[in-house]
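The same chain A turns up in both complexes below, where it pairs with chain B and then with chain C.
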Partner chain A sequence: MANVTMTAPATERLQLLRVLGPAHIWALGVGIVLVGEYMGWNFSVGKGGMIAGLAACWVAGLLYTCVAMIDSEVTSTIAAAGGQYAQAKHIVGPLMAFNVGLFLVMAYTMLEAANAITVGYLLDTVAGMMGHTGLNQKPFIILSIMFLAWLNFRGVLATLTFNLVITAIAFLAIIALFVSVQLGVSAVPMDFSAITTSPLPYGWIGIVAALHFGLWYYLGIEGTCQAAEEVRSPARSLPYGTMAGIMTLLIAATMTWYVCSGLLPWEYLGQAGTPLFDAARVTGNTGLMVLLFVGTMFSTLASANGCINDASRAWFSMGRDRYLPSWFGAVHPVYRTPYRSIVFLVPIALIFALGAPLDQVVTFSILSGLLGYTFMTFNMVMFRRKWPLDTIKRGYVHPLHPLPVIVLLTLCAAAYFAVFLGYGTQLSAMMCFYIVASLWFHFRRYQFVRRGDQFTMPWPKPAGY
Partner chain B sequence: MAYQPPKQGLAGQVFDVITLLVLTVGALYLPLYLGFAGAAKTPNPIANPTWEALGQNATEAKQWAAIGIADPAAANDIITARFDYSFSWAPLIVMAVLVIGYFVLVVRLSDKEYREVIEERFDPKRR
Partner chain C sequence: MDIWNILEYVAWALSAMFGALMLINLIRIDTTYDNELLTSSREGEIEVTAERHQI
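Now for the complex of A and B:
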């Protein structure tokens, strides 16, 4: 344990406020992800059929359980804004950190765009049901993104308290629909005959292909650690909030698949924009329709809200470390939020929300997430090798290492193949983007980075260096 | 002596931000905008569609009606659309090389940078 490091640089600067507890972490994680139950997951049914959709739901659940286990250990030890970005900086190196920062920003900004598209689509659907067809969705898309960016600009506590309330309502709406259908409220009975008449319309390859959108059920749960610098007790709150979040989502995902697959023909479900709301429409019950309309609106707003929070923290962290122009590393003097990063990411979200189809935007978000999960596998191995368990204090130690790493890497490989089946062009475009961005960082941007400042944890020197 | 990065002026900061924006929009949005990217799902509509001919039973027909699609012809494209999962090995190998090559590139270059970071952080002479 030689060479225990010194304290962080003594420069006085504005810090983010430590005001969040475990419930806020749960709300941040589930709030971002719960929208995956309200839209997007159902494209997995379109890619493989009903059984493939359920298999994807559970296999993706296993993948995210590994993600939550691994992430909880590293995050509870490296509690800094930026989450996985800060982990990469301390464990792998600056270029990896830059890439992880971009994964986070792209995944969350695309998810934010997908949420805004869904808000517009839902309002258009409801307007059509009320006899006002052809609603212009764009003003609602713009308004959603601008309003939530303003809320984030004003302060993190109000933002995540708002998320806590609307996430809880959206979660209860799914349970209410599930229970109501079980009690026979639906005018049209549930029908699972497609499981026997058309069990695997694409054969076994459909199950692998469905994994692509199966990730959407849980994508973003790792975002809990983005708020690490704003949590009162990171070592306790982050693992607790994250694991409670993944359990919540596993339950919600299974209920969602059951209700939607029973109430909607799989061919429709596989391309629906708002499947849970559509399932409520099939029941013919006005109360359920209103509840699921509210649930869909709340889940999309909560998700977009959390996405703005997380993407701006990652962008802010990169600016603070000079991986990006340092202008982005500013904290608002009154609201103590990364306000420049929040404002800067608004037009990027708008470009994709206003000009790209939902499934494409979802795919870009999933791909960035998938690259991040791949990073977590070797990051965990390097973390344990560079700092074995007895060298530094961890807030949480995940069991069965390296089994979760092996399972996660295997499932990531399967997910890349799943994306390749049908969306190979997007995968190639995204890889080209990250390769060019990496070369740009290493050969141009890195000259502006202070080397020693990249390592701020009070740890001993890593083994092997 | 610790590494002293050059001070970046406003013009340089703006240039770097524009570069990233162009990269993002150019690599991700332009292929979509120009129609080069898209899901390989194509409809194969049948002639004179009925719910039975489209493989839908009575309950499913009611479900279609409840979501506002009462005419089988309107559901024809949705029900018959399928992805084409046939693929050749060459594009799959190219994709695998891209993904693996990308991570190898990033980890190797990162390690080079990381050694500088560790050396400066832990070597008292360099601080």
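Now for the complex of A and C:
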């Protein structure tokens, strides 16, 4: 195995700063996702009961473990901002890359909007508990987006260090609740009798329907690879941070299901707005209540923060390659961030945060994510075929290929069916949107793309070419 | 007017401030630097200068 050093280009270029380590990657991935432990996942219990909620937790965990493994291998080799977009560009082709880029931007911008809505809802809840009714949530929704966008504008190191701190606190809050309940702090004993009295209240179809909301436990872990161009050692940091992230989430998800299912009746849990916070309230311990409220707020802010980071990188990469106007491909000369993309996406997030209902926004985010996961399956097969293991160096090689691909594709199909059961219209509308966007790209935009500059990795020619 | 009403006004003011900070900085940078330099970033440049993937 040999690495051949080449000379640096003479012209000065502005590049994104390579300042991040594995901990920042962990913070980016887990930070985007952990809010799903604090809210949203519990609708899976409402769809199918406690057992269906646990099945959804672990089946979705298996799906995302496949996503993390596949993503780690490809991203450790294609170290470019844009993540899966850059992967699609190198391995599949321009039209796929354009669509994947859109999936990413839509998924993260919608999730950012959903998080901002949640911040407003949480503060309204607290105001209500303090006797203030009719809180105007809009200024708080706008402030959360504006502040985090400004933080992202100012630099990636501060942004993801901030994410690391608040994500760690939110994760430790879940562990503290779990340990406290185990030590008997709760005023209410754990009760799992519903598992035997009403194991599957809506039958086996309830497990399939629950899968839709089981995705909330892990949705966004694949966002780690958006930082590929800003980590000091992509081949090491990206697989390390991503795999540590999915392990963290599997632990947090199982603990969350266990504590909430034990403390809250499943009929309530299935429609609760903030299940972990509610579980802390049931314990009657003020310290736990405060800690879990802080955890809920921090996880929400961490998710929005990571989403701004990831959506702007994907948008920036598409602008840099002229898939979008090249104006978006600018790097700030001082902060070294994709500042125009960050600013441009702020009003889009605000429109969805202020004008769309939460469940619709999250469903569009999930659907865009699912489309991205489906892409990963054949992307991985093509990657291994075109560049077998003995042709290019990989930072991580995922085991048992093609089993994870088959499992991922099967679970994606099940998840599409689950989403179709509840949100068939939105699924159809989303597909129409991407078809129209693809037609626009093919007939109008592709003429501006610099075709010769698309393939940027110093790889040998693919097998068979 | 209670604390929550005051917090609403503070949130509006801070939102405007962060928005203005970003916009002013964006305009200042765009008028100070050449667009060719600002959009000079290229994907994969580090990889080309650092290593070739050969086994």
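The rule we apply is simple: the second predicted complex is superposed on the first by the 451 of 465 C-alpha atoms of A that agree within 3 Å, B and C clash if a C-alpha of one lies under 4 Å from a C-alpha of the other, contacts with A are read in each partner's own complex, and residues count from 1 in each chain.
In this section, contacts are C-beta pairs under 8 Å (C-beta built on N, C-alpha and C of every residue); 3 or more make two chains touch, one makes a residue touch a chain.
Since the model is a prediction, treat every value here as computed from it, not as a measurement.
When the two complexes are overlaid, the chain among chain B and chain C that reaches more residues of chain A is B. When the two complexes are overlaid on their common chain A, residue A:281 makes contact with chain B while staying clear of chain C. Of the two partner chains, neither chain B nor chain C is touched by A:410. In the superposition on chain A, A:317 contacts chain C only, with no contact to chain B. Within the superposed three-chain model, A:182 lies out of touch with both chain B and chain C [touch as defined at top]. Contacts of A:18 after superposition on the shared chain: chain C is touched, whereas chain B is not. In the superposed pair of complexes, A:333 makes contact with chain C only, with no contact to chain B. In the overlay built on the shared chain, the residue A:149 is in contact with chain C alone; chain B does not reach it.
Counting contacts as defined above, chain A residues 3, 5, 326-327 meet chain B in one complex and chain C in the other.
Residues 1-9, 11-16, 18, 77, 79-82, 86, 127, 130, 132, 135-136, 139-140, 142-143, 146-147, 149-150, 153, 229, 317, 320-321, 326-327, 329-334, 339-340, 342-343, 346, 390-393, 453, 456-460 of chain A are the ones that touch chain C when the two sit in their complex. Chain B makes touch with chain A in their complex at residues 2-3, 5-6, 8, 12-14, 16-17, 19-21, 23-25, 27-29, 31-33, 36-41, 55-57, 59-60, 62-64, 66-69, 75, 78-79, 81-85, 87, 91-92, 94-96, 98-99, 101-103, 105-107, 109-122, 126-127.
Residues of chain C touching chain A in their complex: 2-4, 7-9, 11-12, 14-15, 18-19, 21-23, 25-26, 29, 33, 35, 37-55. Chain contact summary for the complex, chain A toward chain B: residues 3, 5, 46-47, 92-97, 99, 106, 128-129, 187-189, 191, 193-194, 197-198, 201-202, 205-206, 209, 263-265, 267-268, 271, 278, 281-282, 284, 322, 324-327, 344, 348, 351-352, 355-357, 359-360, 364, 374-375, 378, 416-417, 420-438, 440, 442, 444-452, 454-455, 461-462, 465.
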